[in-house]
Amino acid sequence: MNRVLPQVTGTPRILLGGLALAFLGIAVTFVLDPYRNYQLAIVAAYFCATAGLSVLVGLTGQLSLGHAALMAAGGYGYALAASLVDGMADGGPGTSGDEGTSVVRVLAGLAGAVVVSGVLGLLLGLAGARLRGPYLAGLTLALVIALPAVTAVLRGVLGGDQGLRAPYEDVPPALERLVALEQWHAWIAILAASVAATGLVLLRRSRAGLQMRAVHGDETAARLSGVPAGRVKVVAFVASAVSAGLGGAVLCLVTQSVSPGAYSLAFSLLLVVAAVVGGLGSLGGAAVGSAVVVLLPWLIESVTTALDLPADLQQRLSGNLAVLVFGALLVVVTLAWPGGAAGALAARRAARSQQPPLTER
Amino acid sequence: MDRLVFLLATGVARGAVFALFALSLVIVWRAARVVNFAQGAMAVVAVFVAFGVTAATGSYWLGLGSALLTGAVLGVVVERGVMNHVPAGNPLPGMIVAIGLVMVLQSGLGMLFGPQHRPMAAPFDERPFQVGGVPVLSPYDVFVLVVAVVVMGVLALLFTRTSLGLQLRASAFAPEVSRLLGVRVPRMLTIGWVLSSAVAALAALLLVPTELGLNAHSADMLFVHAFTVAVVGGLDSPVGALLGGLVVGVLMTLVTGYLGATVAPVAVLVLLATVLLVRPAGIFAAIEARQA
Amino acid sequence: MTALLTIESLAVGYGGAPVIASLDLAVEEGTVVALLGANGAGKTTLLRTVSGLITPRGGRILLDGDDLAGVAVEDRARCGLAQVPEGRSVVAELTVEENLQLGALWRHRRRAERRVAVDEMYELFEPLARRRSSAGHQLSGGERQMLALARALVAEPRVLLLDEPSLGLAPRVVAQLLAVIRGTVDRTGLTVLLAEQNVTSALSVADRGVVLGLGEVVADAPAAELAADPALRHAYLGF
């Protein structure tokens, strides 16, 4: 990777890298069937949240058990903003559907997602800066468990258990014969994922990123060196929240709906699994983790269906078996390979070149 | 007014259960310096065992005994088998491993027992007594209060008046010095986990009959409530757990009674956020200075 | 007299750097050996290794002929090897009485025996008797050190390791503590390894003085000799 175009370094290099990955992703969508493209879009959405969480935990040591709630915030923000724009369009809601995708609507939705998830992230970040690890984790746990209740209490705006609907974005007329719907959605998801990834990498390499690592390593020493530890932790939290919010917005766009049931505690824990298995702090790891978390349940489901088990057992295994495997993975990976997949890869590479391994890609 | 009295009384009974569960969190926090996020899931396993035993033998008391036993065994298994291997110093791996345990335990229960809520019968009547025409507490509520008070009293005596309790406290306050004095600190750690897990199992067992039914996720809200109690009372303070339990129990029952059950999780969240932001050490936190 | 505590070719290090290179030391039963040397010479490391808190890289530690390798810290204590670590080792959250009870627990399982042992300590350390219900953090520096010492002695150890007991204490208090230690040694045949920076006080109660420099023994002589010989003192102790 470092041998390609070595003369380009720093921020331009990262931006180019993000673009390259986006193009690569888009190219891939051409060889996948519609269902796979749908899965790809879901993986990309999960990646946004996982990457944010991974950077948050890996860089500042703050564990959030409620990132699903931040995704939900993004989803609701998207739905509210996009629907608002839709309502303001000539002829009322739904009339712009025939014209493919309304860029204004999508951008408005994304802006809404960023704002809502950013504000929630700011509040949590401010709390987290003052709290020690377990307390923040407990707070975020309470948040994600309270999500259904929050939507019920604010039923007027948030629609309770039913949730909200988001406008349908069809393939633009110009590309209609070239690209299927799922592929189009996958493109949007991949673009969002590249933006999130690029942003996080830039953050990691920036002065703020250095400060975060200093605070994580030894907070007292960092404070003594003049690092504003509290502010640094808040910045990290907001960044990870916005990233998760983007992921939620993408999910909302692809499924045209957002509801509390889709963002449960189980989902939050799944994001933790993805981040840990991939390797905390590593974006490549986050990608691997997200893929595992989306594809493994599907794989397990296929296997159990193929085994032709009695319907009752089938019912009980569905969902639960995947969670069991993930829970076991979480325990085993944390105890045996704390660096996750990325850490193991880095160690192998280091052993081969006999250099001390870098801890993140 | 009648309603208020009833809610207050029920709140106290509910609070006793929260206090008991919070106490189990305090015990394991003091012993291992870890917030056991898996406490609820472990407790639910024990309640399932109790449910099975009661169904098979027809005796609630055998079920209760088996819940305590299961809790104790789980405490040993989790501590020796999992938590012992977690690197110390950094609280993060311990939390992540506990989360993993929650997932394993809850999905395991889901696979064995399915998603339905199984109603659990209480050993005593759940309809409230009437005092001067005003419904106050039910026989079951009284039972819960008595059990909670007795258990807390026994634990207090254990910790403050017995040599085992002295060793447990010393191992928690100063593990290295205790070892130098011949105290078997690793064994004390395991005993701490055992006590904590058994008490949590008891608390969950007392709670479930008053809820919709037994299910793999029965203890999620209990954990959040108890965590809030531990935060309000101070993770380091057993007395805080007791007082915090009463406060949270009464508050929650009032909220549920006047605003409806759907609002409860939001109320807990608000309370938790408020206490964490205003006084993270807890309102009744231990005043003793921890000077070396 | 036989050596109760024998250290052979001990090597201790953290990471790449050895703190103790190869140390040999024999402590005879019923004597006080003063372990002297500047900060960083390895005194604390040595004591912590003997107690089992640090695992050595090489060499052996023998208590009455038995190799202590693989023996856990708490089991070494139960063999009669007591240590009063450096600094505030009193359990601050427990009372004086509780600290003493804690110290006596492994030796005296029965309440009545423990009572006798603890009361003996109150006789030996009068100020502690007056403060028996006070919590550790309410005691003065001198009282705390007294308590730490009493807590180690209450279990009637065979070997007592003391790490800088005089740190932060007034000379009068130091003298009292050392007098108690010497008295106990003479009365009961206790063996003491006393790590100290306060050379004069240490040598005044010791039978032998061992000087550590950069993890090695650089001088090993009877205490009186070390105290009296200015050349020796100057070379190894810097004054």
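Read from first to last, the chains carry the letters A, B and C; within each, the first residue is number 1.
The rule is simple: a residue touches a chain if its C-beta (ideal position, glycine included) is under 8 Å from a C-beta of that chain, and two chains touch if they have at least 3 such contacts.
Remember, predicted model here, so these are calculated numbers, not experimental data.
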Request  = Taking each chain's centre as the mean of its C-alpha atoms, give the chain farthest from chain C.
outcome  = A
Chain nearest the overall Cα centroid = B
Inquiry  = So the centre of each chain is just the mean of its C-alpha atoms; given that, what is the distance between chain B and chain C in Å?
reply    = 43
Ask   = What is the distance in Å between the mean C-alpha positions of chain A and chain B?
value = 33
Task = Can you check how far apart chain A and chain C are, centre to centre, with Cα atoms defining each centre and the answer in Å?
result = 57
Ask   = Can you name the residues of chain C that touch chain B in the complex?
value = 51, 53, 72-74, 77-78, 82-83, 85, 87-89, 91-94, 98, 101-103, 105-107, 135, 137, 151-152, 155
Note = Note: in the complex, chain A contacts chain B through residues 57, 61, 63, 65, 127, 130-135, 137-139, 141-143, 145-146, 148-150, 152-153, 265, 269, 272-273, 276, 312, 315-317, 319-324, 326-331, 334-335, 338
Ask   = Of all residues in chain B, which touch chain C in the complex?
value = 163, 166-167, 169-170, 173-174, 176-185, 288-292
Interfacial residue positions of chain B with respect to chain A in the complex = 34-35, 37, 82, 85-87, 90-93, 95-97, 99-108, 110-112, 114-115, 220-221, 224, 227-228, 231, 262-266, 268-269, 272-273, 276-277, 280
